[in-house]
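Across the two complexes that follow, chain A remains constant while its partner is chain B and subsequently chain C.
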Partner chain A sequence: MSRISDLQKNLFGGTASNARQFGMIATLVAIVLLFQIWTGGLTLTSGNLIAVVSQYSYILILAIGMLMVIVAGHIDLSVGSVAAFTGIVVAKTMQEHSLPWPLGILLGLLVGAAIGAWQGFWVAYVGVPAFIVTLAGMLLFRGGNQYIGNADTVPVPTGFRDIGAGFLPEVGPDTGYNNLTLLLGLLACAGVVWREWRARQTRRVMHADAAPLWVTGIRLAVMVGIIVFTTLRFAGGRVGTSFPISGIILIALVLAYSYYTRNTIGGRHIYAVGGNSRAAELSGVKLRRVNFLVMMNMSVLAALAGMIFVARSAASGPQDGLSWELDAIAAVFIGGAAVSGGLGTISGSIVGGLVMALLNNGLQLEGVGSDMVQIIKGLVLLLAVAFDVYSKSQGRFSIIGTLMRPFRQNETSTPVDPPNPASDQDKAPVAG
Partner chain B sequence: MSSAPVLLEMRSITKTFPGVTALADVNLVVKEGEIHAICGENGAGKSTLMKVLSGVHPHGSYTGEIVYRGDTVRFHDIRASEQAGIVIIHQELALVPGMSITENIFLGNEPRKRGSIDWKAAQHRALELMEQVGLKEDPDTLVKDIGVGKQQLVEIAKAFAKDVKLLILDEPTAALNETDSQHLLDLLRGFRDRGITSIMISHKLNEIEAVADTITILRDGRTIESLDVEADGVNEDRIVRGMVGRELDSRFPDHTPDIGEVFFEVRDWTVRHPASDERLVCKGSTFTVRRGEIVGFAGLMGAGRTELAMSLFGRSYGTFLSGRVFKDGKEIHLKTVSEAIRQGLAYVSEDRKSIGLNLLDDIKTSMVAAKLSKISRHQVIDPVREHRIAEEYRQSLRIKTPGVDEEVVKLSGGNQQKVVLAKWMFTDPDLLILDEPTRGIDVGAKYEIYGIIQRLVGEGKGVIVISSELPELIGLCDRIYTVFEGAITGEVTRRDANPELLMKQMTSMKKTPSP
Partner chain C sequence: MRRTITRGIAVIGAAALLALGTACSNEREGSGSTGKDTSDAKGGFAQDGLVGVALPAKTSENWVLAGDLFTNGLKDAGFKADVQYAGASTTVADQQAQISSMVTKGAKVIVIGATDAAQLSTQVAQAKQAGATVIAYDRLITNTKDVDYYIAFDNFKVGQLQGQALLDGMKAKKAKGPYTIELFSGSPDDNNSKVFFDGAMEVLKPAIDKGDIVVGSGQTDIKQTATQGWKAENAQSRMDSLLNSTYTGKKTLDGVLSPNDTLARAIITSVKGAGKPVPVVTGQDSEVESVKSIMAGEQYSTINKDTRKLVAETIKMVQSLQKGDKPTINDTKSYNNGSKVVPSYLLPPVIVTKENAAEAYANDPKLSPLTK
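Let's look at the complex of A and B:
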């Protein structure tokens, strides 16, 4: 038993949050495998993986912003409408004033920032709950979209479509693969190795016992293996397709925002505000500014997601972004964020978003109707959060621990277990 | 007393949590009609024992036996123990603020007539119960509109509505002022005369000495001893010895004050209540703090000490009307908390759980939270420095925890308080305002906190201590201001300080010149 827990501790870092992440990744892998078998191998084909990324990157981009909103203790219901509004404004301006597409993108981001400032103002400075402000925004900007676009679709120029439908170009020698995608995969591998090495260095400086080298080795091998596999899939698709541009935008955002939330003062302030706003205020955190920026940031990301969606579908329409907010919020909660704020990670939300995207995709591949898709998504959200709540009430989360519980003799935390006077006290509590 | 029959016996109760033994072979014998006090430091297992008794930790999750009124009982939840007449009143009151006194008294226990609530009967019975606990209020008053002391009485009335045989009170007077505490203790004596048995958990040893018939002392999850107050001639020192396992020579560490110049001065500080236009919470308060000096603020609850401190600390309370603050002879402005921190002020709140700490955080994150810039470069936090600094504080303040990655919520009250102190020491303050720094903390940890305060003034900082415990102020402070209804009513030096003088100034507007 203790050997298993040691191994678990070493492989997954041993802390509660790492173990939770592991649990979510395990869920994701399970879903992938399930659909892979169910669809007879369709899920992991090049074409499908590429389609998943370009089709659902908007959920993930929204999930990044939504995570920060939810961690700060708010909610944003308006993201779908904001995305649609931005899309129509950008499409219309480019069409009627023949605005060059790079300026169109800039305009879209500015529109997002302005909307965000509007909503942030009401939330942070007037004190209206974000639920209400963004419920109002949901109506406001959905109506705005239809007002500006006359409830009609507006096409966008070719250059603009690249951010949603473009791929990494073919360059260099003919390797049978897309070279830039291969390079990207190589960079990812290098990044993973570097990060692992840095983590070991840090632990050494802190005089914490680092995991044995072979454990690090296994972990790296698994991660590099996954990266190599996906890289080859993306690089080996139909000629002309490769890793989507929207995927690159997504990766850049994920890296930047993970770093921001984990390693900077601003990021930590968001968690402080969500964890205990009064304590944060009395520690010198500028509460209003944090709330304002978080709401504003969300709208900017929603604007970006909206533009990517418009670019992919080549036109902006009145039905764009319908019920996106629900996908994004579900992704964040499946990813382990707390409903009451203060807890959650970008990487968790991304995994949650991927779960949602793969569910959508897999059910679609199987030709399941949208009625069943909604029912299944609803149940997945409920079960994921219920499982989280349950595991929290049982102490720390532990997949292996959960699986091993029936065999364990020294467990006393659960009331259902018979008391066992022979429980050995000298053994450290099972980590993670 | 010894002839009375045994009401409750808990035999060799052992309760373990993963990795921790909370109770090891604990025995408790409570006789009918007595007031039984349970003493022990924080983490000694008092609350766990009461949770075992009341069924919060259900039968089966512990080993040992509970014999109640002659029968072995197995409570599977709180409802089962309440049906047997065991009612526990927690430190955090379980009342619904927006409901009336009557509604609260019968919450979950509503008198029914033909399927709907019989409000007439409830009203009638509520008046009876309120009479019994000495609560004079309109039963339709909302609970949020009455003071903590009266809320406590509503809780007790609620217990009586359930036909209580054994009343358990967890820190009943922690949040009460002297008058309300006294009233509550008298009430307990009255219950005893009527044959109701009470178990009382308290850190206030003087109260225990005053009302308890029997005292059981727990330490580290074990029963140390059971004392008969009259027969054994128990006094406070005797209890302390049992709790800490050694004789405390003194409640305060030795300290030779080294007091310098006045460096902090507040003049005519006037602040209005946030909700009411007429009410002033600070009325022209003027005071000074010298380097190396511990200055006390004495006053009854609601006198405006916390309001004064918080309004100084970046205007965190009320509406600022007038007043000036000088530091080292220069006027400073403290309009926001970050300005106050930059100017070298630190405020350690009286309520560490709801406004002092983010309970989701781990220890190291909490410690650096008030000055992240100190461990950052270009806004990026250096995790290695964060860890190292937290480790330093853990060792120098002797915080009992396996590591600084632990969540603060797992620490005992005393250790949490040390984390909060570390958080504010980390901001390199010149003036620390400590609001009730030892509330809810056991004797051993108090001693250590006093030591930390003395070390801080030893470094030339000024410390303001706000406390409701006069012995603490008298033992610790070099100078004490008394506050009454928002105004400073007196100033007493260590030499002249005594409880009578302070109490007189704390309860009257008349300024008594210190002799």
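Let's look at the complex of A and C:
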């Protein structure tokens, strides 16, 4: 076998390759480069990257929860209102009862869980469609926000602001970089190498073809290279800045939820329910519990996102959370999730969210007005999904599908396979 | 064979890493050098420096006009201008992102017409640390030390003029009281709403206490009178409910205190819809439709806060910052934003009724034909 075909087979979408992950990083890099050139190098400056992460981390956190909701075949329109409601409750309590801020965060998460339980109850156990339940929730909690806050803007204490606007401290010797960010980058590199090594080991145990070592080497070099580059950028910003704390929260959530949806029984049940709920139920999946947990989880994440936004804005205001649900839903669909449920990945949604974020940022750097930005974002959403739908219907290569394809050969431990999209048509309505 | 290839790859990879690492220009700078370009420095900044202007969503004619004036005015003065409006639905988040972008682009001065005055402290701090001078335009940014200047019309005076106009208008229509009125105030997230209202109440309160003026619904608290988001529909629905609850039967409404023109027209629409005679309604901003309405004898008054003057003064301020001079300030004690007293430059507003409209708008190409 020639080396070229080895490379083709193994590096891009080949049997043994981690094609999805690699392809997504490539897509993102292409978008970044486009704006990097267009804005004359401003996109990749440390200051801008740090700003983008702290500006959009709350939307990406929402996208994580929204992906699971959409995969399960539902939708959640209430996230913005839930975020705003939690924000004002936390801000007011901290201001009026001088609650310490760590307890404030805890209170916020509890409020989110309570709201989630309320919405989950109606969706899973009463059987009202999630669209209706969360439409009601959108009104309910928006009103709640204005009722509690008197439509006023309530400032939050300085300690609390760290979760939205905070940075890692400067410790250790003066290296010219933020040392803790460097440490994070090092961890990320080690994680990537360890993962690749584990994958190879699994394949050896399974007696499957392993990719040639040199292909793995290239892949690792590219991935480590990107990590090193971004690490140096984030670590090299103005003194006192680093990789934002909200970004660290986001990454922790992404890793945890990716593992959950990909490698655990509970996570695969969500895909099973979204693919074909009746079949899933007959196979022993506890339909109601899955629906309940998915809706509840979404509200908890919305509460967290709301608190991060409030922390960043240093105050909770009556306009918080307006149309966040739309940003989160757009990120999930650009990231390749199916409207009918059962398909989509966390990392895909994050990439979808980043595409929107970088688009927004790049256009703003260019001084394009917010009216045009909205028009462009709308068209990008429509075209991205339309292109994918068209390619699929033509039986051709589906770009998003390829990028998002779960690398099944690697996932020998997967208990429930993601259902075939073809089964979507005869899928019974979920919980309705 | 395979091993040599692997080793080769490893070497290439390592080289690539090194290249990437060294290619990264480090933006770190010692704390000593930050603030090199701030207003405190003697030198000012380059004559063609970038000036960012972040304005709220295009909800009133004034902001649209201000944006155009800034774009042209700054360009004529030799600066590079970046004028941005917040989106209509995600105003606060948009404005935060826009200010961050201006900082990234290296703006020397950032002029901000805040959408929510209390939710910008992180971005303003970011601007300050990057060495930009922050000017709060028309709306004061609160709870932050990082605002350098505030420029606006004297809004307390605006409120006083509105209150006085309401009294005068009602007296002109009906010589003797007691008069029945209703009160409206602006959006609670706008710092100015309270200032307008307090100014008007300073004039109206003595008359209310004496019994010359009666607030028909009894709603005199700013929380009851607030109009969320300065939205016409909110004012209109509140007026509808007031008419239905308080002004049934023969009870007449003599006057309405409205903080601006958009709301004034909404209030008039509501009253007309209910088939009642139009009361004396105040306003502010000199919007085209309201000037027409005043000339037609419906709305009683408006305030002329000439956006041209305000923008021109702001650009003057930017110019003196550019030269490294201290900008002109005429108030150093009224505007406390919760963290500090912000040095302010206040312009005097002018009350406009049907009588003095022609004179007041003589210099305004859009409004003066309407007054003929």
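Assume the second predicted complex is superposed on the first by the 372 of 432 C-alpha atoms of A that agree within 3 Å, B and C clash if a C-alpha of one lies under 4 Å from a C-alpha of the other, contacts with A are read in each partner's own complex, and residues count from 1 in each chain.
The working rule: a residue touches a chain if its C-beta (ideal position, glycine included) is under 8 Å from a C-beta of that chain, and two chains touch if they have at least 3 such contacts.
Worth saying up front: this structure is predicted, and the values here are computed from it rather than measured.
After overlaying the two complexes on the shared chain, residue contacts for A:319 are found with chain C alone; chain B is out of touch.
Looking at the shared chain after the overlay, A:369 reaches chain C, while chain B stays out of its contact range. Of the two partner chains, chain C is the only one that A:237 touches; chain B does not reach it.
The larger set of touched chain A residues comes from C, when the choice is between chain B and chain C.
Applying the stated contact rule after C-alpha superposition, one finds that A:278 touches chain B and leaves chain C untouched. Applying the stated contact rule after C-alpha superposition, one finds that A:146 touches chain C and leaves chain B untouched.
In the superposition on chain A, A:220 contacts chain C only, with no contact to chain B.
Once the two complexes are laid over each other on the shared chain, residue contacts for A:45 go to chain C alone; chain B is not touched. In the superposed model, A:212 lies in contact with chain C only, and not with chain B. Taken together, the two complexes place no residue of chain A in contact with both chain B and chain C.
In the complex of the two chains, the chain A residues touching chain C come out as 42, 45-48, 51, 55, 146, 150-153, 155, 161, 164-165, 176-177, 212-214, 217-218, 220-221, 224-225, 228-229, 232-233, 236-240, 309, 312-315, 317-320, 322-324, 327, 360-361, 364-365, 367, 369-371, 373-374. Against chain A, in their complex, chain C makes its touches with residues 2, 5-6, 8-10, 12-13, 16-17, 20-21, 24-31, 34, 57-58, 82-94, 96-98, 100-101, 103-105, 115-122, 126, 129-130, 143-144, 187-189, 223, 226, 228-229, 338.
Contacts from chain B toward chain A in the complex involve residues 14, 16-19, 21, 57-58, 60-63, 313-314, 316, 336-338, 340-341, 347, 349, 354-361, 365, 369-373, 376, 379-381, 383-384, 387-388, 405, 423.
Interface residues of chain A facing chain B in the complex, by the touch rule stated above, are 15, 202, 205-206, 263-266, 268-269, 271-272, 275-276, 278-286, 338, 342-343, 395, 411-413, 415, 418-419, 421, 423, 425, 427-430.
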